[in-house]
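Chain IDs A, B, C and D follow the sequence of writing; residue 1 opens each chain.
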Amino acid sequence: MAVTAPQKTATPLDVERLRADFPILSRTVHGKALVYLDNAATSQKPRQVIDAMSAVYLEHNANIHRGVYEFSERTTALFEGAREKVATLINAPQTREVIFCRNATEGLNLIMHTWGREHIGAGDVIVTTVLEHHSNFVPWQQLAQQVGATLVVVDIDDDGRLRRDQFTAAMAKRPKLVALTHTSNGLGTITPAKALTAEAHAAGALVVIDGAQSVPHAAVDVRDLDCDFLAFSGHKMLAPPGSGVVWGRAAILEQMRPFLYGGDMISRVAVDLTTWNELPWKFEAGTSAYVDAIGLGAAVDYLQAVGMDKIHEHERALVGYALPKLLAVPGLTVFGPKTLEDRVGVISFDVAGIHPHDVAQIFDSEGICVRAGHHCNQPLMTRLGTAATTRASFYLYNTFAEIDALVGAIDTAKKLFKV
Amino acid sequence: MAVTAPQKTATPLDVERLRADFPILSRTVHGKALVYLDNAATSQKPRQVIDAMSAVYLEHNANIHRGVYEFSERTTALFEGAREKVATLINAPQTREVIFCRNATEGLNLIMHTWGREHIGAGDVIVTTVLEHHSNFVPWQQLAQQVGATLVVVDIDDDGRLRRDQFTAAMAKRPKLVALTHTSNGLGTITPAKALTAEAHAAGALVVIDGAQSVPHAAVDVRDLDCDFLAFSGHKMLAPPGSGVVWGRAAILEQMRPFLYGGDMISRVAVDLTTWNELPWKFEAGTSAYVDAIGLGAAVDYLQAVGMDKIHEHERALVGYALPKLLAVPGLTVFGPKTLEDRVGVISFDVAGIHPHDVAQIFDSEGICVRAGHHCNQPLMTRLGTAATTRASFYLYNTFAEIDALVGAIDTAKKLFKV
Amino acid sequence: MDDFYREFILDHYKNPHNFGELADATHRYHDTNPLCGDEITMFLKIGADDRVDDVRFSGTGCAISVASASILTDEVKGKTLDELKAIDRDHVLENLGITLTPARLKCALLSLKALKGSAWGLHEWPGEEAKSS
Amino acid sequence: MDDFYREFILDHYKNPHNFGELADATHRYHDTNPLCGDEITMFLKIGADDRVDDVRFSGTGCAISVASASILTDEVKGKTLDELKAIDRDHVLENLGITLTPARLKCALLSLKALKGSAWGLHEWPGEEAKSS
């Protein structure tokens, strides 16, 4: 679908009603109504999530798993219940495949430190892409350097879409591992993760998918993707920072050695020998951030009640409205796909003659929060030939009016900078 | 000081006023007033901490560090402010030596995965103690097994105090590392960490101190201890689970390679080379659990306002009252020090003829929360010749009346079990 | 609590049936409850006709886990291996007749887990063999 | 915002003084702002009397960082190395005359950091040399 004129496509969401659930959205910044367009960095939280967490502290807080008393049992039930909700959300074959961690970054590093160090050696090939966030790039780069493996980085075309030909060529090197983002946080590109996973499997590789930008914004189904690992962060999907998930196939997780050692992840400890607990606890050493995980459970409930497909559709409607408006601004360059195809509500752009930092600061004075910088995407920035971009990113609570405000603020910035 | 008759020593705290800050403490369980004596597992949270966290979500939530807009700057300032508060609490020479992590367990594993893997090799010696929590035992045991080093485990005497002679003998093996708990979560023993650190340094070892049970309960000063690393968990000191700290000497941290790779911890990423950010961020990959850290900052404020010395004194008063009462119960055995010397408010005991699980369950029906099990202390349990104990542990909000309730519940259990 | 710790449970706890080891066991399995450190070893002597000739259990446990093991071992004597494998968790919970919270469920079911491990001829977890009593 | 992006700051941004490279630099230092990816390289040519004969800076940056570098490089010409080492952050902020949030402080001070690194003869961070422009 080519984007021509800005159109307010019907959104399936009752956005005003949703916004009422997010207390922060009615605040002002510098006397202006808040326009929060930094959702790819982190999302805001609905009252339902904030309250679910406070309720633990106010009503039945206790450490989980080992307590033989009511508060501990209640807290444990909510924590393990959150795991089931996450498993349902991503359609995991088994709940025990869902491992709670701090964020996508820790999840990806967990795979690197365990499966990676056990299976990748000198001469092996790891394939990744120039679209990756540093969190799905640097771990593999470092592992490759440490063990003498080769890192192959698949490029994008000038529209920001992955070079399928290069990916296919990379598979001929018979990699052990493919580390692939599902959605680019820098450009909004959706990669054809399912097809690429099939290709990678055919070449004998395992596939790690970085779902940090996909799981919050669309229905992601690990059975359908058929990937081997998936990592994502709760804080980008209405849940608190501190709630992250790494999912893996049980058969693989069971063969993996643990990552962190300590309380809760053991079966038995003797001075000379330790045996491990079952999945998922084998990978959850020490006291989990259980309130954050419970918050993630509440966030999943909220998202599921709204409907992941509807959220995706709403964001497409916003992009469909925003893209042509932005493309029409003189001196403005949009990085990444210029059509609605294979893209989500992340728009990176450059305003000629104004550095992204200055754009963001001027936006802030108008109450508009966007991100300016490299977005932890330096290889991508290098590919794009820039150090930084300005990035607006949408979520279920954003409105067409907020996009008007964004476009208006670009005008303000240009006037101020006389460009 | 020998303990003879139960005495209600004057406590320096206005406990009733403090209790009013903890909403959960006025709740009931099974119709009985809550008596929360599982503080070594986790602590309850004052309104000040719960509110500090909610305020972030309600007022200015945004991802930290990279945002050029007011919300991000405010949240970043609170997050980095929390770091300063923690640095002050432990008297760290430099704020950048304070690294936020999930919990003590992750902090200890961070040291193992970085400094440990870089410096411990075949034939090296690591010294630890039988008092350790699994989190300061299993990482070193596993490292030793993986690299072919030797793990020397210092024993305790029959009163649960560390065998100084054995420690000194172990130092003759010129270990590379000493991993030592400051306070035993199983027995309440305080180890002479400062003196042992000096001995370890004289032998050429670095010293890792597990402060999970000391930092919440007394003034801990890393300059005075002169240790090299200290790890502890926020959730045991009025802060949320998810807020943990590992402190290390800057000179050592700077030499260490990173632990997790990804966003925020880099200086620059190119396809073939990555350079690291400065301390402390080099060790904080991905989006930190920044709201949890802010909660920890509020908890530190609260604890400092009450006074760490007063908290310690209050807990000693509780132990001084509880110990003789418990020792007088027929069939009850107290594990660990039977005097107030070198011990804190953790009392592990056995009631002859009733398994700790059953003790805890009967206690729960009386509204009393205690822990039953091995407390992640299996090497210690083996040393004590038991699989599990019942453990009551105190904090600033506990009262003499709650100890009376505890002792009364033991009576109830004995009647029920006819022992 | 009187409801929970009924007379017969306390009786089984204080005087467990079939407690001890079986020198001529044909099947043996050791399991632990990682949350509390409790351990159980289940010994089976299976006769030529695939029936349980004798059974014993050893280890440490709470009232719930010991009573559960005591009752269960009473029941299995004379049963065939297949009958034994068919025993389900609901049956074990019915034996106790009390409502258990999730943490205590693990106590109640530890003996069944060990019995099944033994009946299926499973190996101990790696490394545990040496330390099982 | 008019307060913030004053005329002289925008002028320096659009037409930065001393922008470019110095082929015969005696001192050179490259630094980055890890939060945004901005980079600066500071070139100094120090004469026999320890004075700054010439100075240039190159790289990419926002209005604040470029204006700050432009003003700073104007100032240092003719100064001795010791005078240069004595310039402090407050001075740089006074040059700009606006109140900066912590994130923007890093922008304003990047040129000073690079200048100091250059003046003290520091090496680049390991590995960065190859990539500095």
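By definition in this document, a residue touches a chain if its C-beta (ideal position, glycine included) is under 8 Å from a C-beta of that chain, and two chains touch if they have at least 3 such contacts.
In this text, all values refer to a predicted model and were calculated from it rather than measured experimentally.
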item: Lowest number of touching-chain links that must be crossed from subunit B to subunit C; value: 1
item: Relative to subunit A, chain with the most remote C-alpha centre; value: C
item: Contact-richer chain pair [A-D vs A-C]; value: A-D
item: Rounded Å distance, subunit A centre to subunit B centre (Cα mean); value: 32
item: Centre-to-centre distance between subunit D and subunit C (centres being mean Cα positions), rounded to whole Å; value: 75
item: Between subunit D and subunit A, distance of the C-alpha-averaged centres to the nearest whole Å; value: 36
item: CA centroid of subunit A to CA centroid of subunit C, Å; value: 46
item: Subunit A, residues touching no fewer than two other chains; value: 66-68, 70, 72, 266, 268, 270, 357, 361, 372-373, 378
item: Interface hub residues of subunit D, defined as touching at least two other chains; value: 35-37, 104
item: Interchain contacts, given as pairs of chains that touch; value: A-B, A-C, A-D, B-C, B-D
item: List of subunit D residues in touch with subunit A within their complex; value: 1-2, 4-5, 10, 14, 35-39, 60-66, 104, 107
item: Complex contacts: residues of subunit B adjacent to subunit C; value: 353-358, 361-362, 365, 372-374, 378, 381, 387-388, 412, 416-418
item: List of subunit B residues in touch with subunit D within their complex; value: 65-68, 70, 72-73, 76-77, 266-268, 270, 273, 275, 277
item: Of subunit D, residues touching subunit B in the complex; value: 32, 34-37, 101-104, 125-128, 131
item: Contact set on subunit A toward subunit B in their complex; value: 23-24, 27, 29-30, 36, 38, 41-42, 44-45, 49-50, 53-54, 57-63, 66-72, 102-106, 108-109, 112-113, 130, 133-139, 141-142, 151, 153, 233, 235, 240-242, 244, 259-264, 266, 268-272, 274, 285-292, 357, 360-361, 363-364, 368-373, 376, 378-379, 382
